[in-house]
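You will see chain A twice below: alongside chain B first, and alongside chain C after that.
Right, the complex of A and B next:
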């Protein structure tokens, strides 16, 4: 049963990467980052439970903070980009430099 | 309880596939909310009530609401269509990878018994061995708040 949870955690992480790669909307990239980080903390938690030491669970707690800081910065960048270009399609942001 | 966790896990994976192909941003974020709630249920079923509460409060209560608030403020409605050719190539490589991962995991000796820790033991370790990482996380959060404010500020 533990192997099944591991496998579904890996599937969730891969699906987060796929959402980042396949979709063109900026909000989908943020969704993919959040999904990958959450699956990663779930995998850390599973490793902590099946190996019997608490360090994995501590890493899961620390990852929550990193994900929250990341989504705050990401949504601020999304607001600025939509204000500047009027769309969230990342193909439109190729000339956005500096 | 075991069957309940099994169904929850399957539902989470199916919902994450739904986000890849979904055309509606609101439905995508709401299925992300269901995924977060489901992972929280898995945390509780595997024995950590603290991570369950933090998952529901921070992710489901904070991050999803923040994303919904942003897309309603900006009025984002239109979204892109996934190209089927890219999807086929991506899924081919994903299943190739999963085949290798499954071959590694097939003979791995997973423990049958799930260890449970008490919360005071975990926080003793967190605040003694990982005190530097803990302070750095608080610094990252502070930098994130100030940086987000500086990015969206009107000139």
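Right, the complex of A and C next:
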């Protein structure tokens, strides 16, 4: 039964990455990052349950904090991007060079 | 007793924090007195320790024990406590002096905070019980030196001089660290007392390396020959700083380190001779520089380098007592000279070029007396303290042959020549700039130093200082004329300074100054016989080596990097999605690779 949960977690992770790669909107990319991070913490949690080791849970909690910080910075960048060009399509920002 | 030692180290740190964080709220003089009080407390505590002969090791706490044990260890023995006493004493006097000297400066509390921090670091360095704690103090004084040289940071020259001092000191510190590592490699411990017991069992080859590396550290901090360049520039800082840090205490840290490790250096006398040679050559060379210099503070700086050379000569030839004795007397009279230079600068609105001074004898009577005491001490004239110490070093150097002896004797001639040249320029002749009245509050602290400069000769009464190092020096039977030679040369220096100083023209005449002005015609000889030949050789080399071989290699390298750059540019598209695709593609490739490898 554990294998099924692992499979779900990996599926979620790949889903997040696909969103990041395929969508053009900046918000979608942020959502993709969140999704893959959540999948990761889910996997950590799962592993800590199945191995009986609390470290995974601690790590999952840490990841929540990091994800929250990441999204805060991401939203700030988003606001600046929209202010600069009036769109959130990242293909429009090729000239920033990064 | 352990509490006393702890308090004596910590109290300057405490007052430094008060001055630094709360200084802007307090009145200027109050900060100054609080800071001086902190230093005075540590002086009193150390004095109690010294009088009660409380000599012990104090282990504050264990810092780490991976991969080897390092304790924050302090050591109280006669050497460290006596050195600490000198540091605290001179620091206290300079603190009191700078209460009034820095009166009109805006960064008043910053200055006292740095100065106290310096005293704290210096006491850590001096009272350290192992090499790591010493290194902490070593870096601490380096930092404070940097901060105080660049104290007037809005002056570009000052901030550049600070950076220069810091960078040059880094070179020495690298040597010091290598020395620490080689000691650790040899003895597996860094505590002085343990090293002392283990040294006899150690391979002397490693000891030679350790000795050389540690001496490189000492060169950096004590401004000896290759690394002396930072000290003359360090005079950009405020004058009390020059008196305290760059004359009396910090620059002697290198000598102190050699003295602290005297048990190591006495096992490798050949390195010791090398040290003495470097020291005496530095003494001679920087004395020459001082004769040529016109800037009063830079003259004193070169003179400090020169006197440090004497100390190294004494310590290198394993007359540690004599070296330490000269360190003590030098601390007093050189600080005194700097403080009087500060008074002169104050009363002349910051004028520092001795050619533009003159005739200060009538207006600055106290300063004249103080400067004369300092100058006579520097030239080692009998009743003054430094006569006994310097004479001691020069006499004992006869044990190691005539070379170092004659260099040192010649240097003592130059020493009295440059300092009395400065004296005649500053105090005799016509008045060129009208001086203000001298500040009495600056004169009184200087008198204390003058008092110490006179009596410091008695510190070695009945070999008191010599006995710190456990052995009494071998006394050669010196011919009478040789024993008088240093004194004769010193007096000859004073007389020739008087002879060459032409009162009407107010500048020197005579062949010595012509020689020095032209750098001993060294450049001319070099350019005729040496440089022209070199130019011809390098012309041929340019044709064959430079243009036909090296240039092609260099251009080829440039072309290759241009080509790789073109490939790299095609990857740099600026599209976030492209980067992400690339990233994940490579990560999945890696994962597949490892999966097939291990499954």
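Assume the second predicted complex is superposed on the first by the 96 of 98 C-alpha atoms of A that agree within 3 Å, B and C clash if a C-alpha of one lies under 4 Å from a C-alpha of the other, contacts with A are read in each partner's own complex, and residues count from 1 in each chain.
By definition in this document, a contact is a pair of C-beta atoms (placed from the backbone, for glycine too) under 8 Å apart; a residue touches a chain by one contact, two chains touch by 3 or more.
Fair warning: this is a prediction, and the values are worked out from it, not measured in the lab.
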Joint occupancy of chain A by chain B and chain C, clash or fit: fit
Which of chain B and chain C A:6 touches, first, second, both or neither: first
Contacts of A:29 with chain B and chain C, given as first, second, both or neither: second
First, second, both or neither for A:80, with chain B first and chain C second: first
Greater residue coverage of chain A in the superposed arrangement, chain B or chain C: B
Touched partner set for A:21, first chain B, second chain C, both or neither: both
Touching partner for A:57 - first (chain B), second (chain C), both, neither: first
After superposition on chain A, the shortest CA separation from chain B to chain C (Å): 8
Chain A residues contacted in one complex by chain B, in the other by chain C: 21-22, 24
Footprint of chain B on chain A - complex, ascending: 1-8, 10-12, 14-16, 18-19, 21-25, 27-28, 30-31, 34-35, 38-39, 42, 45-46, 49-52, 54-55, 57-58, 60-62, 64-73, 75-80, 82, 87-89
Residues of chain A that touch chain C when the two form their complex: 17, 20-22, 24, 29, 90-91, 93-98
Chain C to chain A touching residues, read off their complex: 572-577, 580-581, 584
Partner chain A, residues of chain B touching it in the complex: 2, 6, 9-10, 12-13, 16-17, 19-20, 25, 28-29, 32, 35-36, 39, 42-43, 46-48, 51, 54-55, 58-59, 62-63, 66-67, 70-71, 73-74, 76, 78-80, 82-83, 86-87, 90, 94, 97-98, 101-102, 105, 108, 110-112, 114-117, 121-122, 125-126, 130, 133-134, 137-138, 140-141, 143-145, 147-149, 151-152
